[in-house]
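One structure coming up, written as structure tokens, with questions to follow.
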Amino acid sequence: MLYFENDYCEGAHEVILQKLLETNMEKLPGYGADRYSASAKEKIRTALDCPDADIFFLVGGTQTNAVVIGSLLRRYEGVLCASTGHIASHEAGAIEYTGHKVLPLPHEDGKVSAEAVKNYLETFYGDGNHEHMVFPGMLYISHPTEYGTLYTREELAALSAVCRQFAIPLYLDGARLGYALACPSSDVTLPDIARFTDVFYIGGTKAGALCGEAVVFPRKAPAHFLTMVKQQGALLAKGRLLGVQFDTLFTKDLYRRICKNAIDTAARLKEALLEKGYRLLLDSPTNQIFLILDNQKMEELGQWVKFSFWEAYDETHTVVRLATSWATRMCDVEELIRRL
Amino acid sequence: MLYFENDYCEGAHEVILQKLLETNMEKLPGYGADRYSASAKEKIRTALDCPDADIFFLVGGTQTNAVVIGSLLRRYEGVLCASTGHIASHEAGAIEYTGHKVLPLPHEDGKVSAEAVKNYLETFYGDGNHEHMVFPGMLYISHPTEYGTLYTREELAALSAVCRQFAIPLYLDGARLGYALACPSSDVTLPDIARFTDVFYIGGTKAGALCGEAVVFPRKAPAHFLTMVKQQGALLAKGRLLGVQFDTLFTKDLYRRICKNAIDTAARLKEALLEKGYRLLLDSPTNQIFLILDNQKMEELGQWVKFSFWEAYDETHTVVRLATSWATRMCDVEELIRRL
Amino acid sequence: MLYFENDYCEGAHEVILQKLLETNMEKLPGYGADRYSASAKEKIRTALDCPDADIFFLVGGTQTNAVVIGSLLRRYEGVLCASTGHIASHEAGAIEYTGHKVLPLPHEDGKVSAEAVKNYLETFYGDGNHEHMVFPGMLYISHPTEYGTLYTREELAALSAVCRQFAIPLYLDGARLGYALACPSSDVTLPDIARFTDVFYIGGTKAGALCGEAVVFPRKAPAHFLTMVKQQGALLAKGRLLGVQFDTLFTKDLYRRICKNAIDTAARLKEALLEKGYRLLLDSPTNQIFLILDNQKMEELGQWVKFSFWEAYDETHTVVRLATSWATRMCDVEELIRRL
Amino acid sequence: MLYFENDYCEGAHEVILQKLLETNMEKLPGYGADRYSASAKEKIRTALDCPDADIFFLVGGTQTNAVVIGSLLRRYEGVLCASTGHIASHEAGAIEYTGHKVLPLPHEDGKVSAEAVKNYLETFYGDGNHEHMVFPGMLYISHPTEYGTLYTREELAALSAVCRQFAIPLYLDGARLGYALACPSSDVTLPDIARFTDVFYIGGTKAGALCGEAVVFPRKAPAHFLTMVKQQGALLAKGRLLGVQFDTLFTKDLYRRICKNAIDTAARLKEALLEKGYRLLLDSPTNQIFLILDNQKMEELGQWVKFSFWEAYDETHTVVRLATSWATRMCDVEELIRRL
């Protein structure tokens, strides 16, 4: 069986595990006050070109979204988000559980446009009844999006400008940020993201770590953010587990190097798929490939390759997702291609 | 510097790390559906003598408390708890964040009595205005308590009987459960706990794991518990990280064996302290020792041994806590004793 | 100035005020335990042909929606609702404040179809990832809808059948229910509503009362509903204020009689508008009329008649709403018509 | 039967009802934008000597507490309160439902001291672990307290000083404020309260109104308070109902005059009770009298006079409460005294 089901089916990159082993018996303070966490933060600040960034390590993605959004919004505010956004659909209502509405925006292949955001905000403030409605208090985008698509630097700049005009924070969900940064066709850098957003996270879980997401406030975290993390049950006692992992990922460019593997293997696979006449739902430059398959073909492939169901396409076709990752071996891609 | 500050300042037991290394590149399904999680659950069921138990692995203690309590309570209910209970004081209001009140009970050295619980419940239902009050919907106890004390089997049986009489679940916080079970003076076994409670957790973080708590419903979990875990941001993508750790802890009696080390080292230390005339706040049979120190003495000791501040005792004395753990070396205890 | 802005700009029907005056100095128990509340409930049960209905009086509409929905949903569930539904747009996120997501459905003139509901539910349960999503736990409809449209008996029966098939409650927001019931073209009766829904409310605020909505559980209220009402700050100390009002509304058919006035005046107005060549957004049989006006015409009319802005229609036209009510005088309608 | 059960068993003062009748058919804007609300606010500002106060009218007491506290606290904060405070015990967990903990303080006859508050705050900030605890974000006091006792001006000034030192708002629950102000032994005026607190409410429900509490922010309301009121389902559509009532209460000193009746009748009753050898639980200067009765005596009295059960005193005695109100007739008091 070949595995292209998702990008989190292996453990961690072996350098990370080695480092966990090496540091294992050191006696370190808890809750993120250890020296590996400090070192990791310093390295990330350097990578961001953002010496004053406030950084926190959390365990998982839904948790991070709920903590960040729940901490930044005022209680009468909701969060703007593409209707396909992860928080809008696949987080079991974690945002609403914190009391906030997810305000859906139209999208194109998972991306929202500055125009759509501006239009929403102007319509809202132009409505005489808006005091009876949920205030749009934040913009959430994902990069890459849930469809593997990417914002350009210009698009990010435009989104940032609208958010600043209306004084709402721009939050970027970077669960797969490494795969965006490793994409040769993308002109967006880590310092760009730090400049354009008010908060974002650098995903570890899907990019080589056992777990862990690095939340970055390029300027300033909200007061008592740590207490809010604890209040949502998201403060890890042995913060070293996250600190050591991110310290390793940001040493010798490991994060970028291992993410590039996902892009290279995905590019090879896409090229071959198109050559063989397969139809893609959309053109994603990152590590996720959305194939439109005849249902019978899907059955056949399912015998020997693992992928994920994405959505029904029509009565006789289905969209499936193949994902590569930091751990995908090119030889497995070649075997897949041979047998397609 | 000698370290007796807490029981979570090292990483994980080396057998656990080895197992993580060994299984690292296996491709496994996420969210706890992997075979190591399945195997761990099976081994725990055997240890509990409870073949039908529903078991879930969560990451940390406050998270577990918030998820379990927030999932079991009806929305008009609160949770009864010793006023010194962890959820009442040191979890940043995580329970209230889920909308539920913590209802404080009187305690003795951290323990609540069946009488106190019964008295609360009878007074509540006897009050003609109780429809205007928070319903007591659950009892939370910790074992060991925050003061390192233990319930006897008889006491647990009595608490369980009151809870069943009033049809409220009994929840046992086992953050340090391993240390309770390893205590020679205790007559409470793991099967006892499964029999007397409705839900409890077996703590991993403080007993040899990098992270992880095993939530056990000896009879039946609430419907869609997994969704509620996700809704609170507590569902780990790479569930294998928890599965492998608990699978290892419950193989060849590792959990009990490593916890015993904490008890043995603590016992040696307590004996020596008493011999040398130190005063203990209370007699804790587990791995936490509460010393009453003259403030000057505390300063002196603080130069070469790490402990935690517990509470002010009087104007000139302070209570400090020394903790041993699965990782404490007897030679460090002996050195500490020599220099006291 | 003529007033057609909304249906809550006067106080109460004078018979209600008289009754409040008459009963004012009687010493009565609080919190709804008074005899007027009891009598009102009995009369409503008779009108519903539903002798076992559980009935509660609340103060306002948004409050009622938040209390009912927040009390019936399990914590991992959301409420299905037309994307134009009041709870989805104009209640300041009151539902999300209770932790629950509003799940938007497609609609036609404010109405949802049994097909749309069934399709949502089947797609949800057919999705292999649905444990990571918000469970659809309830259907909310309004009757009349926010667009003044009405369900037929057959449509209600079909919605009810889908809800029962999937075991989710059907909740009908009856803020303007009196105006639906008084509509000659409607075949839906109060007993029909009690039969097809699991909970609904009979609106008082917009139909002759100073305030007040009667929540009806035709079969059985959730346990401790009163406590949940209190928990959301919705329990009125002087419940008599609501009891006396509903007792009066359901005496000598007052509710139906005064609501009929709104329908008669609206019908006359609509007829005249169409005659004079005005364009309606849609055909509403109830007390709300949605006019498409040229923006300049809107300005002119705004000098001497009050209406509400509804939404922009296009660059040069606007939709405005004219509402009649229990208190609208036919002479004012005739004057309006004369001057149009 | 004589009624001394509570102070909300009648309707409204007749002048209020007359005014509701007079203004009933005026067409007025909703949600508090009517001219009676405006006029009432202006009169209250004058009475407070506080021309810039922001004032909002809400319907009931628990609702007001939940809205005010839930709007002012940051999400990681709780509210300090006497352990006997209404929000701590008799509001069905309405505060916790908004996600905030009630932090209990020691009290004397329902009053908290500046020392106790200061001690709590100093201990909290002195605790090295306070980032893991609920931040004390507000002080709640009631005046009169739940035991009918009153703060002196000096005590209020001291509480205010501590709150300002630690930059937390002081909130005064004035459900029965009229009875405090009418008390000859009290040196606290309405302008004092506006000066010492950051927010308080003037209770209408228990002092002559059908319903209604006037929330006063002497300096400035939080931004978008109206939206938060709506979000908690507390925004009344026909705001005139509250506006007219408070406009009347603050016309010709009605509020103070009718409250004085409660104090006069209570004073006469207390005097007579003491003369006849009855034992009081404490000396309350306001309209609530707490009697310690032999249980048999309680049974006898219960045959012909209504009072409320307060709490068990010992095995053979019970504390009961007798309350007078704006509506209590001196002739009923005299009859009660005669038959005691």
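The first chain written gets the first letter, and so on, giving A, B, C and D; residue counts start at 1 in each chain.
As a convention for this text, a contact is a pair of C-beta atoms (placed from the backbone, for glycine too) under 8 Å apart; a residue touches a chain by one contact, two chains touch by 3 or more.
Note that the structure is a prediction, hence the values are computed from the model and not measured.
Where touching is counted per the definition, the chains common to chain C and chain D are A, B.
Of the two chain pairs examined here, A-C and B-C, it is A-C that is joined by more C-beta pairs in contact.
Greatest Cα centroid separation from chain A: this falls to D.
For the pair chain B and chain C, the distance between C-alpha centroids works out to 50 Å.
Distance between chain A and chain C, defined via averaged C-alpha coordinates, is recorded as 42 Å.
In chain B, 75-76, 91-93, 97, 99, 131-133, 227-228, 230-231, 235 are the positions where the chain touches two or more neighbouring chains simultaneously. With chains as nodes and touching pairs as edges, the resulting graph is complete, every pair of chains being joined.
The residues of chain B lying in touch with chain C in their complex are 70-71, 74-76, 99, 131-133, 135, 224, 226-228, 230-231, 235.
Within the complex, the chain D residues that touch chain C are 3, 5-6, 8-12, 14, 17, 20-21, 23-30, 59-67, 91-94, 97, 205-206, 210-211, 227-228, 230-238, 240-241, 327. Interface of chain D with chain B (complex): residues 75-76, 78, 89-93, 96-102, 104, 128-129, 131-134, 309.
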